[in-house]
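The two complexes that follow have subunit A in common; it is paired with subunit B in the first and with subunit C in the second.
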Partner chain A sequence: MIKYILQRLFSGLVTVFFVATFTFFAMHAVPGDPLMRGKAVSPEVRANLEALYGLDKPIAVQYGKFLLNMVKGDFGISFTQQNRSVNDIIRDSFPISATLGLLAIIFAAVGGVTWGAIAAINRNRLSDRVIMFAVILLVSVPTFVFGAMGQLAVSELNQKFGIDFLPIAGWGTLSHMLLPALVLGLGTMAFLARLMRSSMLEVVTQDYIRTAKAKGLPTLRIFVRHQLRNAILPVITFLGPSIAAITTGGFVAEVIFAIPGLGRYFVQAVQQLDYTVIMGLTVFLRSVSCFYGYSCRYSLRFY
Partner chain B sequence: MTQSKSPPGSLPHNQPSSAALGASLNQFTANDFLPANRAGLTSGLSRPSLSYWQDAWRRLRKNKQSLASLFVVSSLLAFVFLGPLVWTVDPNHQDQTQISIGLSMGATAIVIGDRNDWPGLDASPIPAIEESTQELGAPANLRTVDVVSTLGVRLAWDPVPGAAAYAIYRNEIAPEPDRLGVPLGSTQAPERVSYEDNESLQTRRYYYSVVAVNAAGVESTSASTLDLDLKPGMSLDLAQETKADAKEGDIIALRAAPLGTDSLGRDLLARLMFGGKISIFIGLFAAFLETLIGAMIGGISGFFGGRIDNYIMRVTDFVLGLPFLLFVILLKVAMGIGPGESGITALIIALVVLSWPGAARLVRGQVLQMRESEFIHAARMMGARPSYLLMRHMFPNLLGILLVSLTFNIPSAIFAEAFLSFIGLGVAAPAASWGSLCNDSIQNILTHPHEFLAPAITISLTVLAFNLLGDGLRDALDPKMRANE
Partner chain C sequence: MSENVLEVKDLKVEFDTYGGVVQAVRGVHFQVQKGKTLAIVGESGCGKSVSIQSILGLIPTPPGRITSGSAKLNGQELMGLPLKELNKVRGNNVGVIFQDPMSSLNPTMTIGEQISETLRYHKDVSRKEGRRRAIELLGKVQISEAASRVDSYPFQFSGGMRQRVMIAMALACEPELLIADEPTTALDVTIQSQILNLLKDLQNQSHMALILITHDLGVVARMADTVSVMYAGQVVEHGTVDDIFYRSTHPYTSGLRAALPTRERNRQKLIPIDGAPPDLFSPPKGCGYFARCPSAMNICENRNPPEFVNSTSHYGRCWLAQKNSMTPMPTEGVL
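Take a look at the complex of A and B:
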């Protein structure tokens, strides 16, 4: 078991290492440099700045330093936000993204399993068709459309009844989280519902279900103990990658709902070409998603 | 597709029994040796003989959902590529008379002549300001001067004796006398009895109220109110472009905008077609390229196997691990495309470079499976070269899953383009795509939702139609599904 964990950990580290290396060299191969933007600087100032960011050293030294700092967990200083290190940004905003992602994944998992099971039980009936069409619809609508529509709907509701049911943007209380989490989780929920339905349909035809029925077990018990427990396996396998995708990929929801999470900083950094932040966040997000993916696969071994 | 030959004994018009054979031999005539009538035979078979693609097409047509989505896809293509021939409005023309209006047909504008800055009206003789803080009356004869329009409203009124100034209010619903809200402005000099309002006027009804203010700065409680229905104003020059003899005060019909206009006065229907061209082009082109490249690499990987296969699979793992956003940014910078500029080529390259592994894995799996099947072995035994095997035997068998994978890749490419344009990395002005149309209009979503909804619904509909079509194609092209019928 320990060997398995170590193996997984090692392959995760290799992935992160490759991504970091690619990011580093790609960033340096790109023409132009971050210090030249904005106003022209005198050679002395430029030399000082280069010394500050370590840009005066040969590229191999820079690369070594980059890797060493990364191992130490130091991603450097932002180019555009003065005196703010990438670590500060991660420390401040990752908990927010993680909370939002967790809420979204709970919503997606519960909804997906429920709808998928309902559709499978009522196979080929009207409710099954309606659910399956809704699933395809949910997969086909971009997150930003859901986000904007959600905002619009809530603001209409708030206006109509004169009370604030839910805030439409910002961060702070649980009520701020509900709408973004719903929007963020809808796509995954649809996918999980589809997965759950097909896996339920497979389980229903198995021999052990027939045996259970023949033994005279109550329907509810068959459903919960034998059908659901077996059908949920592929959903759990898929949950790992989707937790990673949701916690690290909430860019759109965070931008639309003005949530100060990692995704918003990432998009901001992308728009301002803030190299250190882009690099640091990429490596960090990749490590997070590797961790989630492997820990989920690992947890399945205990199932 | 030729009918297999039936043994002569089963021919319906000639069934001799063995006992009567000798006797019946003499009964044969020349007519009995004519070719059999095959038309009559087909009716005896349970199913007409169909080729693989004919059968797939038959099953696709039977599926109402995929038939509907096929219809939607073709209408969308017609809308985007043939639509501009019918609706010839320039998508980049900014019409200042129609800004952020909703669905509009038969709207009119009022022509405003060349006008100078308005000096305003002064009361004469100048009324004396009374120092006392007495209650003042409401200004009488509140009226408009010149033609009113969204370009400006000029108000004038009769002076109130003793007033030191006047406060002007603008409301969008009929105000109660003691609740006028926040003043729009006030006159500076006591003799001034006019006011010009041109602050972000919209095409709607406004209620203007004027209140006299006494020397102590206290507003009187009585106000006079005037309600005005504003029409969009159009300058004389602009009006004369469509109607040569237009003059001030004329009512001119505005160009119809079936989906309304955006915040710069551009026709949304025209912009939707204009943006759709880029969205659909990216979707089709990127999906086609990534499927093609993926199929070639996957085919090589699966066909040759061994070490080549191993290396190629490691490369796909690495490519799948690359961060998409970062890749797009780097590509844009490397190609010299600044932030805020359209990078359609960069976008397509990024999509293709990062998405081919999906198709490659699919094809590799199929080829690996096929490589061990009997018909390939047979062909190899007969001395077929690898290229012949690939092109003649494997490719036709892969066409089905490639088509399905292409159909599913199109919506994901459209999705990716919309996402990138939405966060400002993809298509930017003056070009437009459905994603960038959404990005442009999301700031105004609470005030003008139609600007956002039009492109948003179109994207969703397109992706939905392609997804349903892909589902239908997958079912239709899967020979195993036929057993369920």
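Take a look at the complex of A and C:
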């Protein structure tokens, strides 16, 4: 068991290493550098800055230095934000992104399993058709559309009844989190619903369901213990990557709802070629998603 | 005949398919007595499994449909029984063993849990008691170290062991009737033999009735008291083992035997039955076996023979079995 965990850990490290390497060189292949943004600087100042950040060294040396610091857990200081280290940014913003993502994934998982199961039970009936239509809609329509529509709907409600049901943007209390989490989770929920439905329909035809019937078990017991339990396995497997994707990929929702999560910094950093922030966030987010993926697969063993 | 544990009459089952309606079972009847074994034999698709499964409501409906028939278990009519009542019979009065032990057990539940859940629902025993009984049952079906195996998952068991688990599960509530649907088809010959011995022993201990569905005449000779030979959705011949093996009146039964190796015919070629079973989308007007029958007559093409009774225990659906039939049964190359 320990051997298994160590193997996974190692393969995770290898993955992160390759991601870091690729990002590093891809980033440096983009024309320009962080110092070109903002005001024009004189050649002397520029030379000093380059020396300060180590940008005057050959790229191989920069890469080696970056790797060395990464191993020490130090991602350096942001080019664009005064005196803020990448570690500070992560420490301040990641909990926010993670909370939002976790809420979204709970919503997606519960909703997906429920809707998928309902659709499968009512296969080819009206309710199945309606659910499957909604699923296709939710999968295809991008987050920002639902974000804007959600805000519109909530503000209409707030106006009509004169009470604040939910805040439309910002961050702080649980009520701030509900709408963005819902919007962020919708696509994943729809995907999981589809996965759940097909998995349920496959399990229903299995021989062991017939065995359970032949044993005279009540319908509910067969459904919960024999059918649902087996049908949910592919959903759980997929949950790992989608937890990773949602907790690290809620940029759009974060921007729409003005949430101070990691996503905003990431987008900003890419636009301004903020080398240290790009590298730090990439490596960090990839590590997180590797961890989620592996621990999810690992937890299946105890199912 | 009050000792009949199960009595099935005029059972007809159809399936809706894209190609049309398949008449899978066309008026079947059979019965089995306490402590006795009925073997149902026939080739693939002749309706063996469907007849048995439809009695317990195990065929999927739709596309399946039971159009007529009655099935009485100890006098209680099973046809049209509401699911709640039927569930009291399934697993409790009737145990079922299916063909493929590899896929018939739930992969995500322990062996013990799967055995004891039957007990918990029918006999209202506690979790702890259920587990104790599961260990006992595993011992009964000769799984060694039952106490430590009870928490294993099906994937940790071999095919033969899984079939033993299936048997333990089917016997958990001490049913009056055990249905074994090709219990040894998926197993190799040595394990086959062990499983059959086990079934026989368990039957002797508990005096339950056994319905054995198979296409292996060797198994029939070894296990059965009475035999129903099915062809194209009908029972074409029924009798005791001796009736079927020595006094057969139906060319299909003879054909099946001719296709079997014997010690005398060791080096000779086996004689297969030419052709294929009729299309059950539109069953033939006459005898289902007409097209393949070596002794077919004109009457066979247009009129399906009724059941001609030869003795109290033996009947056959063949015009040749009619009392004053002119043609003698063909026997050459058969025995």
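Heads up, the rule we're going with is that the second predicted complex is superposed on the first by the 297 of 303 C-alpha atoms of A that agree within 3 Å, B and C clash if a C-alpha of one lies under 4 Å from a C-alpha of the other, contacts with A are read in each partner's own complex, and residues count from 1 in each chain.
One rule holds in what follows: a residue touches a chain if its C-beta (ideal position, glycine included) is under 8 Å from a C-beta of that chain, and two chains touch if they have at least 3 such contacts.
Small disclaimer: the values here were computed from a predicted structure and weren't measured.
**Q** Sharing subunit A, do subunit B and subunit C clash or fit in the superposition?
**A** fit
**Q** Using the touch definition from the top, say if A:Phe18 reaches subunit B (first), subunit C (second), both or neither.
**A** In the superposition, A:Phe18 contacts subunit B only.
**Q** Of subunit B and subunit C, which one touches more residues of subunit A?
**A** Greater contact footprint in residues on subunit A: B.
**Q** Look at A:Ile236 in the shared chain and tell me whether it touches subunit B only, subunit C only, both, or neither; answer first, second, both or neither.
**A** In the superposition, A:Ile236 touches no partner, neither subunit B nor subunit C.
**Q** Name the contact category of A:Ala26: first (subunit B only), second (subunit C only), both, or neither.
**A** In the superposed model, A:Ala26 contacts subunit B only, not subunit C.
**Q** Between subunit B (first) and subunit C (second), which does A:Phe251 come into contact with in this model arrangement: first, second, both, or neither?
**A** first
**Q** Looking at A:Ala134 after the superposition, I want to know if it touches subunit B, subunit C, both of them or none. Which is it: first, second, both, neither?
**A** In the superposition, A:Ala134 contacts neither subunit B nor subunit C.
**Q** Please provide the least distance in Å between a C-alpha atom of subunit B and a C-alpha atom of subunit C in the combined superposition.
**A** Between subunit B and subunit C, the shortest C-alpha distance works out to 5 Å.
**Q** Would you tell me the residues on subunit A in contact with subunit B in one complex that are also in contact with subunit C in the other?
**A** Dual-contact residues (subunit A): none.
**Q** Could you list, by residue number, the parts of subunit C that touch subunit A in their complex?
**A** Touch list, subunit C to subunit A: 56-58, 83, 86-92, 95-96, 98, 100, 103-109, 117-118, 121-122, 166, 169.
**Q** For subunit B, which residues count as touching subunit A in their complex?
**A** 318, 321-323, 325-326, 329-330, 333-334, 336, 339, 411, 415, 418-419, 422-425, 438, 442, 445-446, 449, 452, 456, 459-460, 463-464, 467-468, 471
**Q** Where on subunit A does subunit B make contact in their complex?
**A** Touching subunit B from subunit A are residues 15, 18-19, 22-23, 26-27, 29-32, 136-137, 139-145, 148-149, 151-152, 155, 251-252, 255-256, 266-267, 270-273, 278, 282, 285-286.
**Q** Would you pull the subunit A residues touching subunit C in the complex into a rising list?
**A** Those in contact with subunit C are residues 206-208, 210-219, 221, 225-226, 229-230, 233, 303.
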